[in-house]
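Should a chain be cited, it is by its letter among A, B, C, D and E, assigned in written order, with residues numbered from 1 in that chain.
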Amino acid sequence: METIHLTGDTLNNFATEIRQTTGEDTSRCYQCGNCTAGCPYTEFFDYPVSQIMRMIQTGQREKALNSRAIWLCATCETCSTRCPCEIDVADVMDGLRNIAYREKRFTERDIRTFYEAFLTSLKHHGRIFELEIIARYNLKSGHLLTDADLGPKVMKQLHFLPKRIKGRDDVARIIKRFMEKK
Amino acid sequence: MSVVEGKELRIVGFLCNWCSYGGADTAGVSRFKQPTDLRIIRVPCSGRVDPLFVVKALINGADGVLVSGCHPRDCHYSDGNYYARRRLEMLKRFLPFVGIDARRFHYTWVSASEGQRWQQTVTEFTTLIHELGPTPAFPQDQTVLKEVRA
Amino acid sequence: MRVGVFICHCGNNIAGTVDVARAAEETAKLPHVVYSTHYMYTCSEPGQDEIKQAIKRENLDRVVVAACSPRMHELTFRRTVEKAGLNRYFFEMANIREHISWIGENKELNTNKAIEAVRMAVEKVIRDKPLHSTAFKINKRVLVIGAGVAGMQSALDCADGGLDVVLVEKSPAIGGMMARLDKTFPTIDCSICILGPKMVDVAQHEHISLHAYSEIEEIKGYVGNYQVKVRKKTPYVDWTKCTGCGECMEKCPTKNAYDRFNFGVAPTRAINIPFPQAIPKKATIDAQYCRQIQKGKCGVCAKVCRANAINFELPDQFVTEEVGAIIVASGYGLIDQELLPEYGGGRYPDVITGIQYERLLNASGPTSGHIQRPSDGTEPKSIVFVSCAGSRDKSIGIPYCSNFCCMYIAKQAILTKDHIPDSQSYVFYMDIRATGKGYDEFTRRAQEDYGAKYIRGRVSRIYPKGKKMIVQGADTLLGAKVEVEADLVVLATAATAAPGAAALAEKLHISYDTHGFYVESHPKLRPVETNTAGVYLAGAAQGPKDIPASVGQGSAAAAKVLALFSRDMLESDPAIARVNQNACVGCLKCVKTCPFQAIKEQELRGGEVVASVIETICAGCGVCTSTCPCGAIQLQHFTDNQLLAEVNSLCLS
Amino acid sequence: MNIEKLKEIVRTVLPSVDVVIGYKKGLDALHPVPCFVTSPDEIDALVLNPACTHNLAAYLPSLKKKTAVVVKGCESRTVVQLVQEGLIKRENVVVIGVPCQGVLSARKVLNAINHQPVVEAAFENDAVIVKTRKAETRLALNDVASDKCLTCQYPTPVLSDHLAGEQVESKVDEQAAYQDIRQFDAQSLEERRAYWLKEFDRCIRCYACRNACPMCVCRESCIAETRDPHWMSQKATLNEKMMFHMIHAIHLAGRCTECGECERACPMGIPVAKLKKKINMEMKELFGYEPGISIDDKPPMYTFKVEEEKIEEHKIR
Amino acid sequence: MIEKEYAYYAGCSLEGTASSYDRSIRVILKALGATLRETEDWSCCGSTPAHAMDHVLAGALAARNLAIVERMETATLTTPCPSCLSAFKKAHAKVTQDKAFSDEVNQLLDLPYKGGVKAKSTLQVIYEDVGPDAVTSKVTTVLPDLKAACYYGCILSRPPKLAAFDDPENPVSMDRLLAACGVDVRDFVFKTECCGAAFGVPKKEMVLRLTHKVLTMVQDCGANCVVVACPLCQQNLDLRQAQVNRAMGSSFSIPILYFSQVLGLAFGFQPEELGLDKHIVSADALIRSRRPKGAEDAAPPVKEKARKSTAQGTAGKPGDAPGAEGTASAAKEA
């Protein structure tokens, strides 16, 4: 196991960055582990939430932003609800995802592909069109048969023609402006 | 928390000995940084604060006056702050009638254990007073009087 | 007038951010100031000598010390100037530490502020009048509020010292929380075995008069002379007749009354004696559950009572006790499980609190000391202890540590193994706080000798699955989520201020913090005094603490009272209101507003009516002074002229 | 205002009191003066008309005798307030109430007649006819009434042992009682400041307002003049003038019965009564209290409630 | 009191897989006397994926809809979907509390959002504005065979500061509404445990395990159906039940109903009117026995039993919601 040099982040740069992104003060965390204990996803994570919080406290930016955990968090809010230090832990995870997204770090490719399929559908229709997302996701991810086993009754519920709304140009503009700004 | 930018303004605080003066002490002991404008006058009880002290200060150049006592129900002298509350409320409502900005006078309750609340109160009040700027000077021009006498 | 100014460095505490030399130089130029200097530690002995010498050398008649808060050292320096021959009220203090050097970052601004603080103090000091205390007699009786271990200790120490003690206890029996504990850490002494003899001593002491099942209704007066009105709540039983035979309890048909003594571990009867060793051993009716009182039908107890002691019409009674000092030992409370919804919020019978578990362990408890699951009465084999259940939890407003839970959990884990040898205890903890003598060794024994599994992490959720309780926690040392299938879960619920603590504080005029714990006069140096003269604190009313600390404080508070009462007379604070009878127009608004009824009307020879202050009663709040339209009644040492001078020194310059 | 009825009452009352205070003719018809009746033959000198403006209740605190006093609505409130505060004893006072349609502002009348000397004045129900050497002018009462009368809520005395005349209903509904104050409040802070600085600047610190005030009981102990305590200097600066008026107003908080004597007495015509009325408005809003209405009330500044319904904790901004 | 008019935001799911939720909500709200005004030309709320990418983008997508609603001048916006609600509440909170954020968001928008919209879930509207008593008064039909586990999902009442509705650990609103319809509601401990729906497509293996856990607990508490208020939960539990069975070797056949459908049935509507025919796991067997309320004398024990278990299942904090006192105090006495 590597030796972590704690002197690398004496100025708490990473914690400050998280504070600026999310407004959450991670120095309040006293590592009780409640978030890890309550998180339904801990078993799928590479690092439990409380250790992600610890990485922020100790300035391990690379490790935190490259973790899979931040992508697997579903923002179910269990951690935020039960945190005794009143930290919105889910928001911190969201903030980490935001930074990772900006820096194009995608440890979980499939999730990224799904998100982008979502955004593309949004750009096209202004609303979400489920069948298109699945199709697009299957194509891009290479998992061609995802959910093909759901059966005909499910498929029947999905619209085959997307509803187009007048406001779809509005939405496309929002996304365009956003992309330009970044 | 740094000093509010620019020149200091004159802020007078009347603090009851048992709660708010202690709260200000607690803030100090905890090293809760505050703007430096405030000058503190120690009184035994907020009930000792005659509204006329506030008027006197405001008329004679104070830019802000802060009165702080024990929380209701927690007065060291049991009822002093209840009298203060009525009298200071009357004053706060009266001041704007004669053209004094009521925001320049604030009264509140801070206990001896509430160092942080004290820090917050001082910081917010000082910031507000700086936003309002110095209290308008009193013209000492007595033309009207001279005319009448003439 | 010749004023001397002494500016303290307080080491670097003041000198670090205030230019003390410049302050001394500038303040020397103030009117009336004839001497100004700065000194490393003014409060030190050489520092005080310096003041005394300067008074003689410079012929000073007024002294200003600019240093820490007057709440800290005003009395110190008053004594200093008095020793040098000045009236002790010819002294003022400018607080340039707490209010200046510790909170401001800009040295120049701090220095200016310090100079102005001294200027204000000088303006005030030159208007100081000599004040002299008068002596008054002390009533050498002491009131102790709360008969838990701290209060009992205070009462016994005072009584052994020859004082008459009035001991008031809210519950029907004395002993407090300690009477409920099974064993005590770290010695595993039987709690009631060591407390019992003390309880008997209290009951039998010739100098102690006990009011059990009583509460403080009203407190008037001042140090040396308090009048305390005590409400003796009705037990609906004439205690002068009740023999404590227990027949009524046996025959009472209401079997589902909440057992306050046992924290509801099992139900009790509507009429009951809380526990076998109870003192006083008298029956009390819980009106909420009594069929006779609620529905007017029953009266079984009255029929079976051979002493004819039952009286459903018995009202609350009031007695007034006159005392000279008060020790407050009103104890603590515990949070309701309702605050912990993630642990079931009290809905699951097999999730109980630490104090309930004590009653399960206790041989005189409802299960005769057999550990049984409340749900089905079976013996649990897998027991989980959850520390910090509510403590150190900002989200429910309890950021503090409850002090004794780590230790009693270790004790309970050890006792569990003793009771059920094939059981396994799990302890979820965040930090083990075991700072007392022999404490850490004790928690090690729980792990090493009794096999308790300690898991470092908080419990997130507890829920039932079949007959088991699933405890979902984390092991942060492993970096993993862990689960335990428990038969019984014990929550170390957070200690809080006693219910009603704030209301009692208001009656006593003492301060309490945001959590309801009483505030001591100084956290380090005056831990059992309050800011109200003659009122002292003992035990967990001041903050959660364990038995030895509570007993220690009980004795300390008693020592304070004994010291106070070692004299026959007390000196009054002369900083009280005084009436200028020439100026008084007799409107008597001061009489109406005085919170202490310390002002009476007096008719002068000419027939005019004026106000007159009763010196021993006046507490010095100054409400009268701000009420009087013509400034005829002036609070000494805080006169209108003094405060005006301070205002003017700030505003007119 | 029925003078015959009044005389009749005075006649019956006089034997049971030491003195009856009423009005008699003064310098001219517009300026009646107080008159102290101690024997029946003085009764016929009594007058009663809208020019009778003095608040005769002001004499009560200093009189040690059993006194009957003639009061209009607002002045009856003074009696009530004095009793409420314990400054006089109810049993020492016989209140002769006079229902009132409003009194004259001498200043307004003189302005209307160009300050000509008044020869005679006659009073009708809603008008006054003023005769000068040059002319006779009919003035509507409403136009020359005192400001206080324009929003008066209590034209009939709130307390009286004898009533000289029929009850009079207030012409102003309750909502409008403080409309003048609300209007003034509607101005900007700067406008209000400028207004008062100009007014206070005219003050000559003669203390006539204070001396006329029936509730100012401090006499020579008034802190505007004492040295101990030394609230203010004798300098004629604007600060000190303002300070004086603030002292007067604040000392009357919850006590002013709006008799308007302060304003009437002011030689400089400064509208000082307005300050007190503003505080009265706030007292009513905060505590539902009006001075001088009930003997059993407690002046709001000398009592409190643990929970104040109307006072909320202020935020700094 | 129920407001006459609510601005209504259905959300993308309710146009697709959750059309039965949309349909049943409309049916019962109409029955309860409320008019739903469509949010014209609404777009996607931003929900999870956008939020993960960027808060400002997510905020802008939500705020576009809020800005539209703001101009409808209706007091309250209601959406059945907790995910959309959460997106709206987050955006609203940030826009109103953080000036810089508000500026950034409005730069992306054509029509700025000023912060004047109050959003409530449709469940909250029915629970708080209508209330269980009014619901009871509409009941015409009893459902004797239904043993319900109310599953709230993760974000309906959490985080508590944002949601400001019901209890974060043990929500009771659905339990009480169903109990008000006389349904046997079971004490279910996984009310707020996450089912993983958000990752249904990209992380199927993960989701199947979480779903399996939830369904196991449903079975354990003796329920024969799950009642939900979230379209994602419904889809996940219903659509993927067969996948769960295949992957985990289980054999669940538990119908997943929307609370609005259960209320609809109790109000006397037909299953097709409420879109029940659309569900994968059929509820037919459970609702076949329903009968008019008047016929309840035929089997009084059922009704009584339902009441009793209600009291146990919903013993939350006393008095924390309208109509709570009755059940809570009943539970206390028991």
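By our rule, contacts are C-beta pairs under 8 Å (C-beta built on N, C-alpha and C of every residue); 3 or more make two chains touch, one makes a residue touch a chain.
In this text, all values refer to a predicted model and were calculated from it rather than measured experimentally.
Student: With a step meaning a move to a chain it touches, how many steps does the shortest path from subunit A to subunit C take?
Tutor: So the least number of steps between the two chains is 1.
Student: What chains, if any, are shared contacts of subunit B and subunit E?
Tutor: C
Student: More contacting C-beta pairs: C-D or A-E?
Tutor: Result of the comparison of A-E and C-D: A-E.
Student: Using C-alpha centroids, which chain lies at the maximum separation from subunit A?
Tutor: Centre of mass proxy via C-alpha means gives D as farthest from subunit A.
Student: Let me have the rounded angstrom distance from the C-alpha centre of subunit C over to the C-alpha centre of subunit D, please.
Tutor: Taking the average C-alpha coordinate of subunit C and of subunit D, the gap between them is 54 Å.
Student: How many Å are there between the centre of subunit C and the centre of subunit E, using C-alpha atoms for each centre?
Tutor: 48
Student: What whole-Å value do you get for the distance between subunit B and subunit C if each is reduced to the mean of its CA atoms?
Tutor: Inter-chain centre distance comes to 31 Å.
Student: Go ahead and note the Å separation of the Cα centroids belonging to subunit B and subunit D.
Tutor: Distance between chain centres: 34 Å.
Student: Which residues of subunit D are in contact with two or more other chains?
Tutor: 231, 301-302
Student: Could you tell me which residues belong to subunit C and also touch two or more other chains?
Tutor: In subunit C, the residues touching two or more other chains are 342, 593, 627, 640, 644.
Student: Check each residue of subunit E and list the ones that touch at least two other chains.
Tutor: Touching at least two other chains: 168-169.
Student: I'd like to see which chains touch which, written out pair by pair.
Tutor: Listed by label, chains in contact pair as A-C, A-E, B-C, B-D, C-D, C-E.
Student: Of all residues in subunit D, which touch subunit C in the complex?
Tutor: 85-87, 217-219, 221-223, 226, 228-231, 251, 298, 301-303
Student: Which of the residues in subunit B come into contact with subunit C in the complex?
Tutor: Against subunit C, subunit B makes touches at 2-3, 8, 10, 12, 17-19, 21-22, 24-25, 27-29, 31-36, 39-45, 47-51, 53, 56-57, 60-62, 70, 73-80, 83, 87, 111-114, 119.
Student: Inside the complex, what are the residues of subunit B that reach subunit D?
Tutor: It is residues 51-52, 55-56, 59-60, 72-73, 79, 82-83, 85-87, 89-94, 96-101, 103, 106-109, 121, 124-125, 128, 136, 138-140, 142, 144-145, 148 of subunit B that touch subunit D.
Student: Can you list the residues on subunit C that touch subunit D in the complex?
Tutor: Residues of subunit C touching subunit D: 580, 583-585, 587-589, 592-593, 627, 629-632, 634, 639-641, 644.
Student: Under the definition above, what is the set of subunit A residues touching subunit C in their complex?
Tutor: It is residues 28, 30-39, 42-43, 47-48, 50-51, 78, 82-86 of subunit A that touch subunit C.
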